[in-house]
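Here come two complexes built around chain A, the first alongside chain B, the second alongside chain C.
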Partner chain A sequence: MKKGNQLSRKIFGRFLRAIVVAFWVMVLSFALIRIAPGDPASTKLGIGAEKEAIDLLRKQLHIGGNPISQFFSYLGDLIHGNLGASLQTGVKVVDIINRTLPLTIYLILLSTLCALLLSIPIGTFIGWSGKGPLVYGFRGITAVFLATPNFFIAMVGILFFSVRHNWAPVFGYDTAFPKNLHYLWLPVVVNTIIMTSVISRVLYSSVTETKDQEFVETGIIRGVSGRRFFWFYILKPSLAPTVVLLSYMMGTMLGATVILETIFSLPGIGREMVGAVLTSDYPLVQGILLYFGAITVFLSFMGDLIAYLLDRRVKI
Partner chain B sequence: MSAEPLVVIDDLKIDVRLTRANRLPIVDTATFSIDRGEIIGLIGESGSGKTMLCRALVGTLGRRGAYIAGGKLTFDGIDLVTAKGSAWADIRGKRIGYVPQSALAGPNPVMTIGAQLEESILQDKEFSKGNVKARAIELLNIVQIRRPEVVMHQYQHELSGGMKQRVMIACAIAQQPELIVADEPTTGLDVTVQAEIMRLLLDIRSEFKTSIILVSHDLPLVNQICDEIVVMHAGSTVEKISSRDITRANHPYTRALYDSRIDLVEPKGELTTINGQPPTVGNWPVGCRFSERCNFVEDRCRLPQVLPIIPIGPNGFSTCLRFNELEK
Partner chain C sequence: MKIKKSFRSYKAWVARPGGIGISSGIAMMATLLILGVLVPVFGNRSDAFVGDPFARPSLKYPFGLDQLGRDMFSRVFNAVGVDLGVAFLGVTIPFVIGTIIGILLGLARNRYFLSTVGSIIDGINAFPLLIIAIAAITFLGPGLKSVIIILSLTNWARYARIARTKAVVVAQQNYIEAARTLGYPRWRIIRKHLAPNVSAETIAYALSDFILVITVVAGLSFLGLAARPPAAEWGSMIADGRIFIGQAWWLVIFPGLALCWAAVSLSFIVEGLFRRDRGV
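Coming up: the complex of A and B.
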C-alpha cells in the first residue's frame, strides 16, 4: 500500500513541475514575440500607412498600451480557454491550430514509429553481437547523419525522389488518412533517418554497457534464454536512456518540422508558425508556442514516467 | 553415489583471443578435483586466473573472448570442454548454481526480487505458476531474509549488499544444484556480513550436500569454512592442501598469503606483505612463476621447466621444488 502511494506522489510531483514549466513557456512566448522586431499593425496596413491609422488599428487589435496589462488580459482569456484570433486574418487561433496540427502530429508519430522499428533491432543487435567492421560501419554512418542538417537531407531527397524520379510530390496535401501518406512519406523518411541515427546510437551504447554487467552473466548461468532473456536482460535494462531521449527528440521534432514543412510546402503547424512570426501575428504565435510547449512538456513527462516504469533506478 | 569426484580439472588451459592470430594464455596447468559435498576454496591474487576458471565451469568463457585451449574439465562425467548449448542448458542453473561477485553485481535491476526467484525456480518444469510463489518465499527463508513477502516486491537498489548476496544465493540454490560456484561472494561486504554469508554457505552445504567452489583472495576468511584450499598463482594451481594444515603449507606462496593476513585478535605488530607484484598475464617468468617473489628461491627454480605436481598426503599437492625443505 505504502509503495503505491509513494509512486503516485512521485508522479504527481513530476506532473506539477510539468505544469510550472508549461506556464513559463507561455510567459516566454508572450514576451519573445513582443521583443522580436516587427509590428502587426504596420505589417497589415502595408509600408506607406499613416501613423494615425496604425495607432487606430493597434487599439482595435488590443495590442496597444502597457505590455503588463496586455499580459493579464491574455492570461484572463487563456483561463477561459480563449486563445484569441489571428491579427492578420481574424480566424480563431484554435481553428488554425486544429487545421494544421494533425499533419505535424502525423509526421512526428510516423517518423517516431519508423525510427523505433529500425532503431531497436539495429541498436540491440550491433550492441549485443556487433564486432569490428559492423560497429565501425554503424558508427560511421550514424555520425554522418548526425552531422548533416535535416534540410540538407530533405533537399537531396527532393532532388532524387521528386525531381529525378517523380516518386514524391513537391507540394500539396490531402488530409484524409491513407491518401496523406502519399504527401508525407518523404518528410517522414528524412525525419526517420535523423531520429534513427540518434536513437540507435544511444541504444547501442546502452546495450554494450548492459551486456558486460554481471547480472547478465548470472542470467545466462541461471539458464534464462530466448525472448525472455532478450527482454529482461538486454532490452529492458538498456531502454531507459533511449525512452527519455526519444521523448525529448519528439519535442525537438516540432521545431524541426518548421523547416521540413517549409521545404516540402506542407500546410502543417510549423509552416503556419513561420508565417505568424513573419507577420508578427501575436495571438497566433503565442497560441502555437503554447501548444508546442505543452506538447513538449507532456512528452518529457511521459518519457520520464515510462523510463521509471521500465527501470526503477531512474529518478523522476 | 559414485566415488568419482564431481568435478575433475586436469591440466586445464584457457586462452583469450586478442586478435585473429594472437592468443594469450590466462590459465595453464590448472589441476584439481572437487568431491561431492566438499567446499573448496580457490585462492589467488587478482589476475591469477581464478575467475576465468569459474567461467569455464559455467560455460561463459566465450562472452569474454576466452576459450578452453587444452586439458580436461568434467562435471559428473560430462565433458565440459566440448559441451554444446543443449548440454549446457541441462547443467546451468539446474546442476551448477552461480553466485556472482558481490562488488559488481547483484540481482537484475529491472526485475523485482520475486520475479527473479520465480524465474530461477521455473527453469525446473516441476514447478508451475501456482506453487512458484510459495517456493520463492521458502528460498528466501532458507537464506534467512526477514520479511520475505516484502522483499519479493522490492528491487535490488532497495536492498543492502548482504541482502543482495543472500538473494543471489537463493537464486543459485533454487534448483538444488550439485555444485555452487561462488566467485568472491563476500568481497566488499562488511566483515560481520561476510561471516554471515560464509555461515549461510556452510548451512547450505550441510542441508543439501552441495559442493561449493569458493573463490576469494582472502585466505584466512575462506580457510574457516573450506575443506580443501586450492591456491592459484599466475595461471596455475600451485598447491592443494587441507584447510586444517594451512599453517604447514607446502608452497611458499600459500604461506606468504596466509602470513599476510591481518590478525584482529592478536595483532602481530608490523604487517607482512608479499614481495613484488603478481606477474601480469603474458609476462609470466620461466620456471617457477613465483620465483621472483619467493624467499626460498634457488637457481634451479628459475630454469625453464614444467614444474612437477608433487602429491602430498591423500588429496594435496604442491608444485614447489623445495617443498620438503620448508620449515614445518
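Coming up: the complex of A and C.
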C-alpha cells in the first residue's frame, strides 16, 4: 500500500514538472517573435502597406500593445486549438501540422526501432566481452559517427546509392505503405547510424558498470541460464540510462529530420518549417515550434517514467 | 640531451590513459588551424576564378574546382576561420553567461525564485538546439550574427543547469566554509573558490558542446539560414555542391571531410580527457 502510494506520488510529481515546463515552452514560443528587431508586421507587409492591414496582422501575431493581455489572447486561441493561419497560403497552421507531422513521426519511430534492434546486441555484446581491440574499434567508429553531421552522411549516402547505383530516389514520396519505404530507407539509415552510435555507447558503458556488480556474480554462481540471465541480470539493470537517453535522442532527431527532409524533399513537418522560415511565415513557425517543444517535453516525461519503472533507483 | 628528456616525458604523458586520444586530437586540430591560417594568406583567393569549372582534383588543385572555377582547396581552408570562429563564440558566450547564472542560482536561497528560474531553464532546454535556432532565425533574419545571438540567448541554459548542480555541491565543501569563517567577502569566495571549481565542470561540457555547435552552425548554413553563398563556409559549400553531386563529388566531399575532421579531432580530445579523468 505504502509502496504504491510513493510510486504514484513520484510519478505525479514528475508529471507536474512536465506541465510546468510545457507552460514555459508555450511562453517561449509566444515570446520568440519579440526578439525581432523593429515591427515584424510592417516588415512583413513591406513599405507602403495600409495601416489597417498592419494592425490586423499585428493582432494575428499577438504583438503590439500590452504583452500580458496579448499573452492571454494567445492562450485563449490556443485553448480553442487555434494557432492562426499561414501568412503565405492562408491555410490553418493546425491543418498544416496535422498533414505533415505523421511522416516525420513515422520516420523517427522507424529509425528508433532500427537503432534499438542494432544497438542492444552491439552494446551488450561489447560491454560484456570487454576485449581491448574490440572496445577501441567500437569507441573509435562511434566517435567518428557521432561527430559527423547527418547531412554529410546523407550526402555520402546519396553519392553511393542514388548517383552511382540509383537505388534510392533523391526526391518524391509515396504515402502507400510498402512503396513509401523506397523513399524512406536512406533517411532512415542515416538516422539509424547516428542513433545507434549514441545508444550503443551508453548501453556499453552501463553494461560494463553492471557487469562488476555483485548480483551479476551471484547470478553466474547460481547458474541462471541463458536468456533469463541476459535479461534480468544484464540488460534490465543497464537499460534505464539508455531509455532516458533514447527519449532525449528522439527529441534531437526532430532537429535532424528537419535537415534530412530538406535533403530528400520529404513532405514532413521539418521541410515545412524550413520553408516557413525562408518565407517569414511567423504563425507557422511559432506553431511548429510549440508542437516540437510539447513533443520533447512529453518524450522526456515518458523516458523518465519508463526508466523509473525499469529501475527504481533512478531519480525522476 | 634536454630534447631527449622532454621527449621521454612526453612519451610517458601519452602512455597514460587517454593520451593517444588527446594528442592525436590536438594534432588534428592544430593541422586544421595551421592550414586555416596559411591557406588564406598564401593560397588562391576563395572567390577568384582560377580555371575551368568542375576541373577534377589534380596536383595543382588538390580538391578540384567548383561550378564557377574557384579553387576548392582554398575555399575549404578559408572556411576554417568562419566555422570554428562562429562556433567558438557560440560556445564561449553561453559558457560564461551560463556558468555565472548557475553559480548565482547555486547560492540563491529563495525556493520560489529557484523553482521558477529552474523551470524556465528546463523550458529552454526542452527545445532541440537546432529547432530553436531555426525558429529564432525567422525573426532575426538569416546570417552568422543571428546564429551567435541565438546561441547566446538559448544555449546558456544547459551550462546554467550543470553549473548550478555543481555549485550546490561545492558550496557545502569544507574549504568554502573555512573561507567564510575567515570572513572573506562573498564576492571573493565566488571568484576565487566557487568559480574555478564549478567551471571545471562546465568547461568539460563546453568541449563536447563545441562539437554540437559546429554541426549546428554548419547545418544552419546548409539550410541557407546562416552563412549564405558565395561565402566560404563548409555547410553552405555542401549545400551549393549538392545540385552538382552527380558530376562533381568533390564539391560536397571535401567541405564535409573538413567538417568531420574538426568535429572528430574535438571528440578525440573529449574522449581522451574523459578517460584520463577516470583513469582507464
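By definition in this document, the second predicted complex is superposed on the first by the 278 of 316 C-alpha atoms of A that agree within 3 Å, B and C clash if a C-alpha of one lies under 4 Å from a C-alpha of the other, contacts with A are read in each partner's own complex, and residues count from 1 in each chain.
Criterion: a contact is a pair of C-beta atoms (placed from the backbone, for glycine too) under 8 Å apart; a residue touches a chain by one contact, two chains touch by 3 or more.
This structure is a prediction, so every number in the text was calculated from the model and none was measured.
Asker: When the two structures are laid over each other on chain A, do chain B and chain C clash or fit?
Answerer: Verdict on chain A: chain B and chain C fit.
Asker: Is A:Ser8 contacted by the first partner chain B, the second partner chain C, both or neither?
Answerer: In the superposition, A:Ser8 contacts neither chain B nor chain C.
Asker: Applying the document's definition of touch, where does A:Glu217 land relative to chain B and chain C: first, second, both, or neither?
Answerer: Only chain B is touched by A:Glu217; chain C is not.
Asker: Could you look at A:Ser129 and tell me whether it touches chain B, chain C, both or neither (first, second, both, neither)?
Answerer: So A:Ser129 meets neither chain B nor chain C here.
Asker: May I ask you to decide whether A:Phe152 touches chain B, chain C, both, or neither, giving the answer as first, second, both or neither?
Answerer: In the superposed model, A:Phe152 contacts chain C only, not chain B.
Asker: Applying the document's definition of touch, where does A:Thr89 land relative to chain B and chain C: first, second, both, or neither?
Answerer: After superposition on chain A, A:Thr89 lies in contact with neither partner.
Asker: Using only C-alpha centres after the superposition, what angle do chain B and chain C make about chain A, to the nearest 10 degrees?
Answerer: 80
Asker: Comparing chain B against chain C, which has contacts with more of the residues in chain A?
Answerer: Touching more residues of chain A than the other partner does is C.
Asker: Applying the document's definition of touch, where does A:Leu28 land relative to chain B and chain C: first, second, both, or neither?
Answerer: The answer is second: A:Leu28 touches chain C but not chain B.
Asker: Looking at A:Gln60, would you say it contacts chain B, chain C, both, or neither? Reply first, second, both or neither.
Answerer: neither
Asker: Least CA distance chain B-chain C after superposition, rounded to whole Å?
Answerer: In the combined three-chain model, chain B comes within 15 Å of chain C at the C-alpha level.
Asker: Quick check on my understanding: which residues of chain A belong to both its chain B contact set and its chain C contact set?
Answerer: In the superposed arrangement, which is not itself an observed complex, chain A uses no residue for both chain B and chain C.
Asker: Under the definition above, what is the set of chain B residues touching chain A in their complex?
Answerer: 58-60, 63, 89, 92-94, 96-98, 100-101, 104-111, 119-120, 123, 153, 155, 157, 168, 171
Asker: For chain A, which residues count as touching chain B in their complex?
Answerer: Going through chain A, the ones touching chain B are 3, 213-215, 217-225, 228, 232-233, 236-237, 310-313.
Asker: Given the complex with chain C, which residues does chain A contribute to the contact?
Answerer: Against chain C, the touching part of chain A is residues 17, 20-25, 27-29, 32-33, 35-37, 40, 139, 143-144, 146-152, 155-156, 158-159, 163, 251-252, 254-256, 258-259, 262-263, 273-274, 276-278, 280-282, 285-286, 288-289, 292-293, 296-297, 300.
Asker: For chain C, which residues count as touching chain A in their complex?
Answerer: 119-120, 122-124, 126-132, 134-140, 153, 211, 215, 218-219, 222-225, 235, 238, 242, 245-246, 249, 252-253, 256, 259-260, 263-264, 266-268, 271
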